[in-house]
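Here subunit A shows up in two complexes: once beside subunit B, once beside subunit C.
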Partner chain A sequence: MRESTVMFLHYITAILIAVTGLIHLLANNEPTIGPLIKENPVVYMGNMAIFLAALLYHAFNGVRVILIELVPDPCWTKWISWAVVIIGIATYVVGLQVLLVALGLV
Partner chain B sequence: MEEAREEFVEYYAKNMGGVLGWFKARVYTIERWLYGAHRITGILIVLFMLPHFYSTGWHPGLWGDFILGIIVTFHIANGIRLILAELGFVVGKPLLVKKPSQRPLSLEGSQRYLVALALLLFIVLAVIWAYYALIVQAATW
Partner chain C sequence: MSTEAKEYTLPPEVLEETVKASEELWKPIKKVKFRIYKYNPKKDYAPHWEEYELEVSKGMTILDALLEIKGEKDHTLGMRYSCRMGLCGSCAMMINGKQMLACQTRVIEAAGDGDVIELRPLENFPVTRDLATDFTSFFEKHKAVKPWIIRDEEELDNPTGPYKQTIEEYAKYYQFTDCIKCGACLSACPTAATDYEYLGPQALAQAYRYLVDSRDNGLDERIAVVDVAHGCWRCHFAGSCSDVCPRGVDPAQGIQLLKGLIIRRKFGFKPHKPTEALPAKIAKKKEQ
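Up next, the complex of A and B:
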């Protein structure tokens, strides 16, 4: 993927995190709105799936950008990028499984 | 003398100072400070995420939540400024910087107001969060 596309997705996920993270906070802490969100598994689960994906993309891309800035070497850059992609996808799969188990859907 | 200056510019333009280079902001602009703070807060948020993922429901406690909220609100407020600047909404006319002490002209004009607005938004969000975390939420602890 082109670097400009990666960074554009970085900003899109930033906005997504702001929205879904607020819903995540409200669902777990707000005494009146929280139960309304939590009792609907589709809304809660969908929100968490988007939140987790956006958060992992943003966090791992941030780490990748810092690492390739500290080690500006083409060979390192390639390996760091692949490692971050693989660790990110693995974390997303584990996270979704944890969520499904916690909600009692699996 | 001229060559040394060019090397200086090239060295810091690449940020080859490593991690310590993030903190060498004394001779630079406020945007450079915000860059360092944005990076540090981003790393701190990632460090919070690790135990939170490992054991969902884990939280750093009353004051930990307060500090985490302050960190996140700064990252959000400065992030909005960065997105707007990246998309080219409020950037001044770009001009080549020839001296390390020279302010980039692209940071003049409406960028000045954007920096002020971002810091103002950070203070507003931080005050709202402090009220929620230390007064509303503390009542339930």
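Up next, the complex of A and C:
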């Protein structure tokens, strides 16, 4: 994947975090719209799944950027990127599982 | 009509004033201590500092002072300089912790209220000797972005006429042509301090300069070089490069524009349609 695609997604996920994070906050704190979102498991779970994905992508890509700047060796750059992808996917799977259990969907 | 050249002389009072101003400019007014970084990687185990005291005048530049030190106090002092007028970029160094050209900085201005000036080689560059640094990697990065007009046509090898360019097209890249490759921007860049693979502000700004040149057609070739892990996306917009540029170029802006150009290209936008050589354009119009 081209670096511009990775970084473009980094900016997109930043917007997604703000939007889905706001929906999450409304669902849990707003008395009028909140219950409407929370009562619909598909909307709430969908929002949380996107929020988690965006958050993890943004965070892990940030870590990758810091690491490749600190260890600029081209060989290490490749390894760091792959390690971050694998850890990111694993964390997402665990996070989704926790969410599903917490919402009583599994 | 007489062809004899007429001799002009300044009026005596103007001449006297000029001589007086010149004397004033070069009259020693203050003693300044120069603290200079000394290191010869081939001989020395570690760098050390040497101090030299000089009587300085109002018009004296750091380069003048260094040449005086080299001529009269320490012949072993290593430094690089050439044009003495801020055009070649050879004498860039750290003057009191900031990247500056030695030939364009006056001693009095650099010293300010104090009387000590600290001179170090440019940061983020390997030291060749004392104040001279190795620019090999810097020029390699510059070369990597293909800083020349790329055209895949016969016209470049066998030109038939000039490429027409409007003022607006020229204005897009004009400021970046002022770069003198002094290395001050790369030296000030916080990313380059740890990431030695990073292309750096100078090379990236030059990549942008050629990408938006209406005569150029090397979009794909050049983007393949800058859109990589250690390319333009490693710029975090600290802006130090633009802050220290002795020519007033804004490489940080160039890099941000370059990022925008790459993203727009993803959606099918191109910066320009390469311009045609003027005679070809005229011939086409005639045909029409």
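Following the convention adopted for this analysis, the second predicted complex is superposed on the first by the 106 of 106 C-alpha atoms of A that agree within 3 Å, B and C clash if a C-alpha of one lies under 4 Å from a C-alpha of the other, contacts with A are read in each partner's own complex, and residues count from 1 in each chain.
Just so we're on the same page, a residue touches a chain if its C-beta (ideal position, glycine included) is under 8 Å from a C-beta of that chain, and two chains touch if they have at least 3 such contacts.
Only a predicted model underlies this, so the values are computations on that prediction, with no experimental measurement involved.
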After superposition on the shared chain, which partner residues are touched by A:Leu70: those of subunit B (first), subunit C (second), both, or neither?
both
With the two structures laid over each other on chain A, which partner does A:Asn29 touch: subunit B (first), subunit C (second), both, or neither?
first
Where does A:Glu3 make contact in the superposed view: on subunit B (first), on subunit C (second), on both, or on neither?
second
Once the two structures are superposed, pull the subunit A residues common to the subunit B and subunit C interfaces.
7, 69-70, 72
Spell out the part of subunit C that touches subunit A in their complex, as residue ranges.
191, 194-198, 227-231, 233-234, 259, 262-263, 266
Seen from subunit A, its contact residues with subunit C in the complex are 2-8, 65, 68-70, 72-74, 77, 81
Residues of subunit A touching subunit B in their complex?
7, 11, 14-15, 18, 29, 55, 59, 62-63, 66, 69-70, 72, 91, 95, 98, 102
For the complex, give me every residue of subunit B touching subunit A.
14-16, 18-19, 39, 42-43, 45-46, 49, 53, 56, 76, 79, 83, 86-87, 137
